[in-house]
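In the two complexes that follow, chain A is the common piece, with chain B as its partner first and chain C second.
Coming up: the complex of A and B.
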């Protein structure tokens, strides 16, 4: 009898999701152009909603508001058209995303489609963007395959680098600190057994080896793990001065809390996605100081500071310290390319690829359809998450090592 | 090392047990397979969060607000949504399907309300995140609290159900809802009570986990699934079963993570789940299927 019930649960859930999968009505056809249709599908519900709701969606909303408040998108003839937004929730499933993008392209006839959130989702949508001739400004996706993708999908742009970039930068920091005698050359490493964690740890292993760093503990954990005590205890006993976790936001928060409880004080603490979230700094206060992760900002960049302030005022929440500002910059690039070339998607894509743009990042330019001027490693310092690598980039801060112990 | 593993396993298991006990009451006694159970947990977690960050009410006091609210919510939902289903159900299977559909809808309503109120962001705060030395091992005070809560609530409920007339009536309804009226038990009232207590337990669990776990408005289903595993392992409707299988699950996960590989914890969970169902199809403490 019990097994019958479980089968019922599954069957009912399947039927219900099929019911819910049918979308909402398409927009009306415009005869005279009175607006520019910008569409996007994003994870507003489901497991990806947490990430999309911090890095991507608020920036889309902020940008649309900024543009419409200024009278609309400017076209080459100086005319301004307001943005009409078509938004779909992909409910964190790639099937739903593909359907929504297809609908945006064929039924809603959107002028431009903004990229979804997440590496896998951008890959899932890329063939569609390509087939319908839309430029795809993929920000929240970390992939080492970007050089191949830009050949396969010529209008795709990859703006957050790849695992090798981040892992290589981290290896460089540890190597230098070990040479100075600040750290020993041992690393304990954990990673989530899912897209981001696998990509990063696969890149990190050879990068550490090449830098002469010994990985003394290297384990993966399943997504959804909430108790990290066993891993923290092992890492503590391993004798490594550096602890690296390629983790998702809930894991990052849990690792931070549980390390404090266990009095685990590695001299270098590097955590994954979520470290750059505003709530992380808020929750951990002084204790965040010294913790490293991916991304960062140049604290002296006034444009970026103004953007962060406006983001908080308009959306009611702060931007993260990694993909947020890049997302906004990608939209500014699109806006400027439309101003220069109009609504011709072919010409706009070409302009995005070759043009130079003034954005919140400063002067921004794609290299081989990729944004390469990025902060590969950042560290919490004085209440801000600042970029520390590449160290030779203008505005880079000096890493603080060893990090202070937990304050109770 | 061994002591550490046992203690952290027990504490982790306490969380699982705490989350599962309400569902076992709702499913076992009221016969409502409540798919919106996890949403109740999340709602309580948000309540604790709002109380803590908004008016700095500590979550332990927050329990005093969340538990009665959870009870009232369960009572209300049963009266409004479930009673008509129970009335028209021709058989137990029928009621189960209907209640699954209805609570599946409720899941989205609750989730939608929470998304509107709180957005989809990760939410967490820090309370009692200090180590407590137990037998030479540092255990997080907030997790220890959840463990104690699970033991107290689980043990208390077990005593209530087995030692009081009222509890006996509830168990009678669980065993044979058809015959219970013959001995003067108001089945409707008992089921409503059980459902409401389930809601109160879910709320207690929600407040407890909000102290140490990051949650989002859409994370409820994860808790429902975990609770369902514990409930089925322990035997549907059996509070002691839920408590023990929750603790066992925590121990197994911690031991596997410590001595084998953290990557195998999920596999181990489902392996013992399978083994128990093969060995005792009705769960550890369940009676054989009628």
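Coming up: the complex of A and C.
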């Protein structure tokens, strides 16, 4: 009698707790839910704040505003829930980022977490996104290892290509122009001794060699260099028609100024990060025309043009011509995947991986969890930074070569 | 050994066991917090090990921390993990000996500036090497180490650090160090081999700091010089040790735990005002508690007793 009672009690308790754990709790939550929690940790202070503040953060803010102005995130049942933002500053340190993402996942119980800024930071966060089952839409990270990463972290998406893509496209442009006789097949090349510069230059050396292009000058400079005159003079004396700099924004601006002062007029001028900033076009006006870099846009894409206008109105600054629009598109993909699949992260990740989405980029689709339809090379033409490679992509502009000389 | 020290050791052992069992009860976020906190407790205690008695303010913490992390980044694919840690410790030791031999005769502000420069120098050398020799800057660390594993390693290292620090305090070395801290000239006249002692202590402290970097590195998956040679680590270690009181065994611990929790609370609740509040906290510590919490408590209690 006694034992039966105990068993009975145990059974009731087990049933009750099982019900509580699986049945009642989520149902109650879904009904009580008044918002969708979207969290992110980003470098608002420290050395990475500059890049994050141009490419990533304004787009996160713009997207949240766009969604909430429209009534919120739409779920499969047609209900709309406003976004509740949880924002942390990783202060440009990996350890802080790791802790913030862990906090978002376990303490704040965010429904979705947006990716941090930078290659290293996306990698530092990737194991956590994976462990807690969040899809990671990593935009601002250029890496050739994306095919390995998507196998390791199946819910990670890499959306800005790798160094080989950009270097290969540039080599293709120079090779073609050299074959036409527009340029000679010599290149002078400088690169910043930091992540981006090293990645690109390591990819560029074999790419140029394979294209039969001779690198006559190849110099690496430390981060923070401000005087480029010696390099410019040596590049000028090297006899190369093409000058390539895998540079960071301050270097890009300095190289532009100092090349004008030194009257250095390479027929092809390719500069690194910063060339695609709207301020670059504004500062250099007509002189920007013909300068090449990474990224670009299709000037005929009306949706993209509307996005650029809205970005400037809402955030007070224009988007850059490389990662910005991809960042916004990645958020639109997330939004659409939630509309199709709800807040189930597993299903949303699967949808992101296989679905086709209509975004500011046009029709967008992942290939092997990577965005591959990108502009590898762009050029300033008529006050816009337009995509010129891959040349066979719809909307590609024709490269203008040789570049006009500096107007003073 | 007296009954009192035995009791103390037993108590410390119990606390250690309780802390080690924490991951079984608390969630993953608690483990993350404990990793950060234990890391800084070890850093601050190791810093105090050398800088407390000798009063040499070192800003080289991150130099050794970064060496440890980078060694793991370079060797994690080629050597088994325990060997990687051993190699990291040996590299830290070698660098500490070279640096110590050449600089421990410097004193005061010259030493501070030198150690600050050292961190930058090592970072630039690593960058130069990666750029010109290997052609990649970032290093990937794919080690199957769980957060709990990292936490337990740090905990073991913390226990070892406290044992070393406590042990030194009980030997003739500890006495000699107190003399050096009070007056180096007197110490050398007493026949103490100042340089050798300082060197041994500097090296011990450096090896521990190197190990902290090596143990924590697998958490970041990807490292590059700007990530692992972040000077903030040096400054935070310094301010934590100073808050607690660097010349006492438990001082750095008492500084590291409240400051770490404060930073965590600030970054969770005031992400946009963090740097401002942090600066105010630093100023407050220097003005209100120049000798550390422990010293302030003792002097207050002492006054209370006199009344």
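Observations on the structure shown:
The criterion applied here is as follows: the second predicted complex is superposed on the first by the 377 of 408 C-alpha atoms of A that agree within 3 Å, B and C clash if a C-alpha of one lies under 4 Å from a C-alpha of the other, contacts with A are read in each partner's own complex, and residues count from 1 in each chain.
Following the convention adopted for this analysis, a contact is a pair of C-beta atoms (placed from the backbone, for glycine too) under 8 Å apart; a residue touches a chain by one contact, two chains touch by 3 or more.
Note that the coordinates shown come from a computational prediction; the quantities given were computed from them, not determined experimentally.
In the superposition on chain A, contact is made by A:98 with chain C only, not with chain B.
In the superposed model, A:53 lies in contact with chain B only, and not with chain C. In the superposed model, A:45 lies in contact with both chain B and chain C. Of the two partner chains placed around the shared chain by superposition, chain C is the only one that A:89 touches, whereas chain B remains out of contact. Between chain B and chain C, the partner in contact with more residues of chain A is B.
Applying the stated contact rule after C-alpha superposition, one finds that A:211 touches neither chain B nor chain C.
Using the contact criterion defined above for the overlaid structures, shared-chain residue A:193 touches chain B and also reaches chain C. In the superposition on chain A, A:334 contacts neither chain B nor chain C.
By the touch criterion stated above, A:366 is placed in contact with neither chain B nor chain C.
Contacts of A:227 after superposition: chain B is touched, whereas chain C is not reached.
Across the superposed pair, chain B and chain C both touch chain A at residues 44-45, 47, 193, 220, 222.
Residues of chain A that touch chain B in their complex: 1-6, 8-9, 12-13, 16, 20, 44-47, 49-50, 52-54, 190, 193, 219-222, 224-227, 229-231, 233-234, 249-250, 253-254, 257-258, 260-263, 274, 277, 279, 283-284, 317, 408.
Those residues of chain B lying in contact with chain A across their complex are 1, 4-5, 8, 12, 15, 33, 35, 93, 96-97, 100-101, 104, 108, 111, 115, 119-126, 129-131, 138-140, 212-219, 222, 232, 236, 250, 253-254, 257-258, 261-263, 265-266, 281-283, 286, 289-290. Chain A meets chain C in the complex at residues 44-45, 47, 87-89, 91, 93-96, 98-100, 102-103, 106-107, 119-120, 123-124, 126-127, 145, 152, 193-195, 198-199, 202, 220, 222.
The touching residues of chain C, counted against chain A in their complex, run 27-29, 32-33, 36, 124, 127-128, 130-132, 135-138, 140, 142, 216, 219-224, 226-227, 230, 232, 264, 267-268, 271-272, 274-275.
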